[in-house]
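Chain nomenclature is as follows: A, B, C and D, assigned in order of appearance, with residue numbering initiated at 1 for each chain independently.
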Amino acid sequence: MKRYTLGEEGKTRELAFRGRGWEGVLSHEKGESPVEGRRLGGELSLKLGDRMHRVEPVGEGLYRVDGQLVSIRLRSDLEARFEALGLGGRAEVGGKVELPMPGKVISVLVEEGQQVAEGEGLLIVEAMKMENEIKAPRAGVVRRLAVKAGDELEKGAPLLDIEAEETS
Amino acid sequence: MFSKILIANRGEIVLRVIRTAREMGIRTVAVYSEIDRDSPHVLEADEAVCLGPAPSSQSYLRADRILEEAKRLGAEAIHPGYGFLSENADFARACEQQGLAFIGPTAEVIETMGSKTRARQTMIAAGVPVVPGTESALADPQEAVEVARKIGLPVMIKAAAGGGGKGMRLVEREEELVKAVEAATREAKASFGNGDVYIEKFVARPHHIEVQILADTHGTVLHLGERECSVQRRHQKVVEESPSPFVDEKTRAALCETAVQAARAVGYRNAGTIEFLMDKDRNFYFLEMNTRLQVEHAVTEMVTGIDLVEQQLRVAAGEKLQLSQERIEFRGHAIECRVCAEDCLAGFVPATGRVTAYQPPEGPGVRMDSGLRPGLSIGMHYDPMMAKLICWHGTREGAIARSRRALREFRLRGVTHNLDFCDWVLALPEFVQGDYSTKLLGEHPYSLDHADGEQARAAALWRILHEAEGEVATPPGNGSGKGKGEHSPWYWKHRSL
Amino acid sequence: MFSKILIANRGEIVLRVIRTAREMGIRTVAVYSEIDRDSPHVLEADEAVCLGPAPSSQSYLRADRILEEAKRLGAEAIHPGYGFLSENADFARACEQQGLAFIGPTAEVIETMGSKTRARQTMIAAGVPVVPGTESALADPQEAVEVARKIGLPVMIKAAAGGGGKGMRLVEREEELVKAVEAATREAKASFGNGDVYIEKFVARPHHIEVQILADTHGTVLHLGERECSVQRRHQKVVEESPSPFVDEKTRAALCETAVQAARAVGYRNAGTIEFLMDKDRNFYFLEMNTRLQVEHAVTEMVTGIDLVEQQLRVAAGEKLQLSQERIEFRGHAIECRVCAEDCLAGFVPATGRVTAYQPPEGPGVRMDSGLRPGLSIGMHYDPMMAKLICWHGTREGAIARSRRALREFRLRGVTHNLDFCDWVLALPEFVQGDYSTKLLGEHPYSLDHADGEQARAAALWRILHEAEGEVATPPGNGSGKGKGEHSPWYWKHRSL
Amino acid sequence: MKRYTLGEEGKTRELAFRGRGWEGVLSHEKGESPVEGRRLGGELSLKLGDRMHRVEPVGEGLYRVDGQLVSIRLRSDLEARFEALGLGGRAEVGGKVELPMPGKVISVLVEEGQQVAEGEGLLIVEAMKMENEIKAPRAGVVRRLAVKAGDELEKGAPLLDIEAEETS
């Protein structure tokens, strides 16, 4: 039997699963449901009691269930206990700014050391023939500016860091 | 009729043209850039030639190479699709000069309509209503400030050679004007090789409504009804429908008649589209003319039963249209969803990836136009639109329900897509009521709502079962997962069908 | 309207019903046999229950289990699809007795029309023309000889409870009669649990033409035009079209009126089909009534724009049809090809296998209804029909060209199929001319012709490249490769589109 | 360079291929064509000069090319030379009768030792709810009858042999 927590403090629901491979029983707040996972052509469908669900992974914590996007936070018992001790928990809004799509830097709107407000424009990047403004995820000071106009970059390339004002 | 044509484009529109050509017994030549060598538009053609490296300027925009290959392979006509060289007057002229039929209007018409400022002047002369604004390109950014003061803010800055939202900016405050004109100029130059921009008065909460035109070289000009294209993000259409639920019978008659008049005024031939802005009182203003097939032409095809590509080919071959305005019948309602590689939760940024699964929806009233296959790589070089889903039903309500059913049935993995986003759009109250402006998506930012227990449990189970199997728990796909969802207990779009 | 229905069937027809139900906001329950647990009809439903082992008698024909599960899960109605329990009067009666709506006519009507002999008697009384023959089941094989002597050979032996070519035999010589009656009796007993057979005069080179009926419980009986279903192999339809190119306007009016009259005579409700034989002079005779949705219903849907499943659900819920005969419009032409797992070169024997690739055709006028997915296993337990391809165009010529284009675009691997065979049928001169009888395929045995050099070279290259890579030279798939091709230099179907 | 013969005596065409992996040059009676094989999603398409062909294997010697069935006989140089020496060549119509599809034997119409004509009915087999008559591929005497009514068999199961009359 493996135990899980779905959701966050104040809104969590307990889940428990026992079974082998693609079959088992899921215990949840409304009772128990027999579970069968079914694969056809690389796709996993789930039978939860009598209900059928088509689940496709989309991203970290993001799933398409029956054609609709669902975002969940699932922790195993162990992860939840760590979190209760203050060892886990949700991350701060990061100061590292990365390129969200592959593209070419058209212009850099800020300079190293410049103070920026949350939402202020940092760079203009062209991707698929459209100009996109990359905005500051939080207020702070621009550090480690790593790109210049004309650079062609892959998705995820580090652009610059924004150091929070209180730490600078 | 032609025995062989070359299709100077890529992706779904090439397949669209190949299909009709094949039905008419016409052989097709595809062209491709090196990166597209294994793309369906290449594999499905009868013949194919490589034009050059991935950047469009070295491949799909190489007019010289395209003409050379068309002649070498014995093609008699060139279908330009949309985008790329489709509204390039020089290309149209070069085709005709070298004895190849250009499947489009004359170079002169493209020139006139391709310059938004000249198009405005022509329309004013023809008695077609236009939006107040500059009649020629801005001399410098400062001129924008003067014009804006005269016609009043807000204003739109637009590329004279533009289309598809590129080189376009809305400016509401005077201090933003200069910066916006500069950005639009840069974007226009990069996209169209022409940095001219102009200013128009901004119509508040307008509807974007366009009329499909079909004209031959024998003086027949027909309309095939209108399309409502007001669902736009980043100034680009994403959901279109025909007929428009906002246009009433009286307005429709005037609108379509005006469109025919506009096409007649320039001596148009080919399928074409007159775009209008319509305000809340159903006054309409000429916006621009697209002298080519539109992405959204399929909704008109489903409602009228007329194959627009077939008609384009017949017109280009000099045939007389075998249609008359009275015999064109409009049946039911059609809606198109553009399926794009983009991350809608992260502000619609384009996404890349490799398609690992593609299972299009099927059944009554569903039409797919795609260039998708499992294994296909979606890169950063071209437009992020991968496929079009067009659904028809006898009623608008039924067409919405069918589209939503089809979107949910659609499986597409390996690249982040907008299927859920389209489903969310179709459930917005304004959309359901049939009265929405181009502001719709700006007024309704897309995000995830709370999920119900059952669906959240199913998603959780997916993770649990994969962990139990010892598989990688982090799923494939390059969805960033950014957005509200990431920091929330569990969310989903709660919209019952 | 119902909030949940159970669909007592398998394969494509379940998906067909799920689609419309979902568009109407109705939840669906699928049922399945153990071997079908991973089939699309199960995975796409909202809920699903296993009925038992693979044989139909232990699963899809288990009326008791189906009713039990429908009640347990709170379904309010049962859609029987076609085949299985769809024309089982006892099942229809049991549904009604247990408070579940049966999406079909009353049990009494099913009983009357289900017995071919009683149906004949009823139609004669209603003034509907029938083919001469016995009016009741044969007492013994010897009786067949007497009747045949009276009405003249050739004769058809048919199962009284039958349909779909099962338990059916054509006899041209008296000495074959007894053996044929015995075989038909055996087959009828195995298929329908009822070995009764009867004899009819054989109409030479008949057309099989049927009329789509739609009737509600408020006295409205409508026809939705006719379908031509004369392309048959093994007495089973393989290509159908609407309208029939053979029926002229005058005959159409009389035919459709007669069908409405026949449906009225039995107090019909639900979608239904009256099948007729039509001779070369366009005389028509009642053949049988199918008191359910037909496999080929989609061609009628494409021509009329009416969703027959939606209408079935509305009628079953007691609604009044919101249609009138005058307002039903017929537009263009539709053709259906039944995509079957069978080896056409080896006499159409059913094939089995696992689908390794499935890429359906797309584009204008193409509708797919399938239960296919990569990975799906096609077994020997059920009907070999895997999918339906339905193509529409404004003209019959265009619908043929579109169907052939779509068939060639269709990719399906891992199981031997009839896509090439269907393409060959659509190119037969009689088919193209639009005057073909049920003898068409008997008169044109399917085989391969000589290939042209280019296509043969491409096939050869496939082998050469795979050998060079050290891959297995013998390709996958369980095609027997039997037929003329095996012993010939190189063959292909030379039929330009 | 590998050499092949396409077709049979009197109607053969010579082919030669040189290249590596999925690219090369094919020499044929009309000249030479550069060849590129292209794979997308497990499907092989061929570019032969400028012409595109979609080739799917269907069975032994049977291909679907651009949606149409093509049957070819291709032999390498070595195979062709063996054949010329009388060591290869086409097989006799076999006397072994195998089940062409999975099914259940409904009745056996012949007996061991019985003389049958070509095309005469041998067995009735039910597959997918249809009765199918298995016919004699040639005239001869029934031997090694291996099945009886009621047997459920896989595709390819041996049913009986028909020995040619001249050899009996």
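Structure notes:
Criterion: a contact is a pair of C-beta atoms (placed from the backbone, for glycine too) under 8 Å apart; a residue touches a chain by one contact, two chains touch by 3 or more.
Quick caveat: nothing in here was measured; it's all calculated off a predicted structure.
Traced through touching neighbours, the fewest hops from chain A to chain D number 2. Across A-B and A-C, the chain pair carrying more C-beta contacts is A-B. Rounded to whole angstrom, the centroid-to-centroid distance between chain C and chain D, based on C-alpha atoms, equals 31 Å.
Chain B and chain C have Cα centroids lying 39 Å from one another.
Centroids of chain A and chain C (each the mean of its C-alpha atoms) stand 49 Å apart. Each of residues 44, 359, 373, 408-409 in chain C touches at least two other chains. Among the residues of chain D, those touching two or more other chains are numbered 41-43, 51, 54. Within the complex formed with chain A, the residues of chain B that make contact are 165-166, 183, 186-187, 190-191, 234, 343, 345-346, 349-352, 356-357, 359, 380-384, 407-411, 413, 416, 419-420, 423, 448, 451, 453-465, 468-469, 474-493, 495.
By the touch criterion given at the top, residues 2, 4, 6-8, 11-13, 15, 17, 19-22, 26, 28-30, 33, 35, 37, 41-44, 46, 48, 51, 53-74, 90, 100-103, 106, 124, 126-132, 155 of chain D touch chain C in their complex. Contact residues of chain D toward chain B in the complex are 38-43, 45, 47, 50-52, 54.
For chain B in complex with chain D, the residues that touch the partner chain are 29-30, 37-40, 42-49, 73, 373-376.
Of all the residues in chain C, the ones that touch chain B in their complex are 15-16, 19-20, 22-25, 44, 298, 301, 305-307, 309, 329, 331-332, 359-360, 362-370, 373, 393-394, 398, 401-402, 404-405, 408-409, 496-497.
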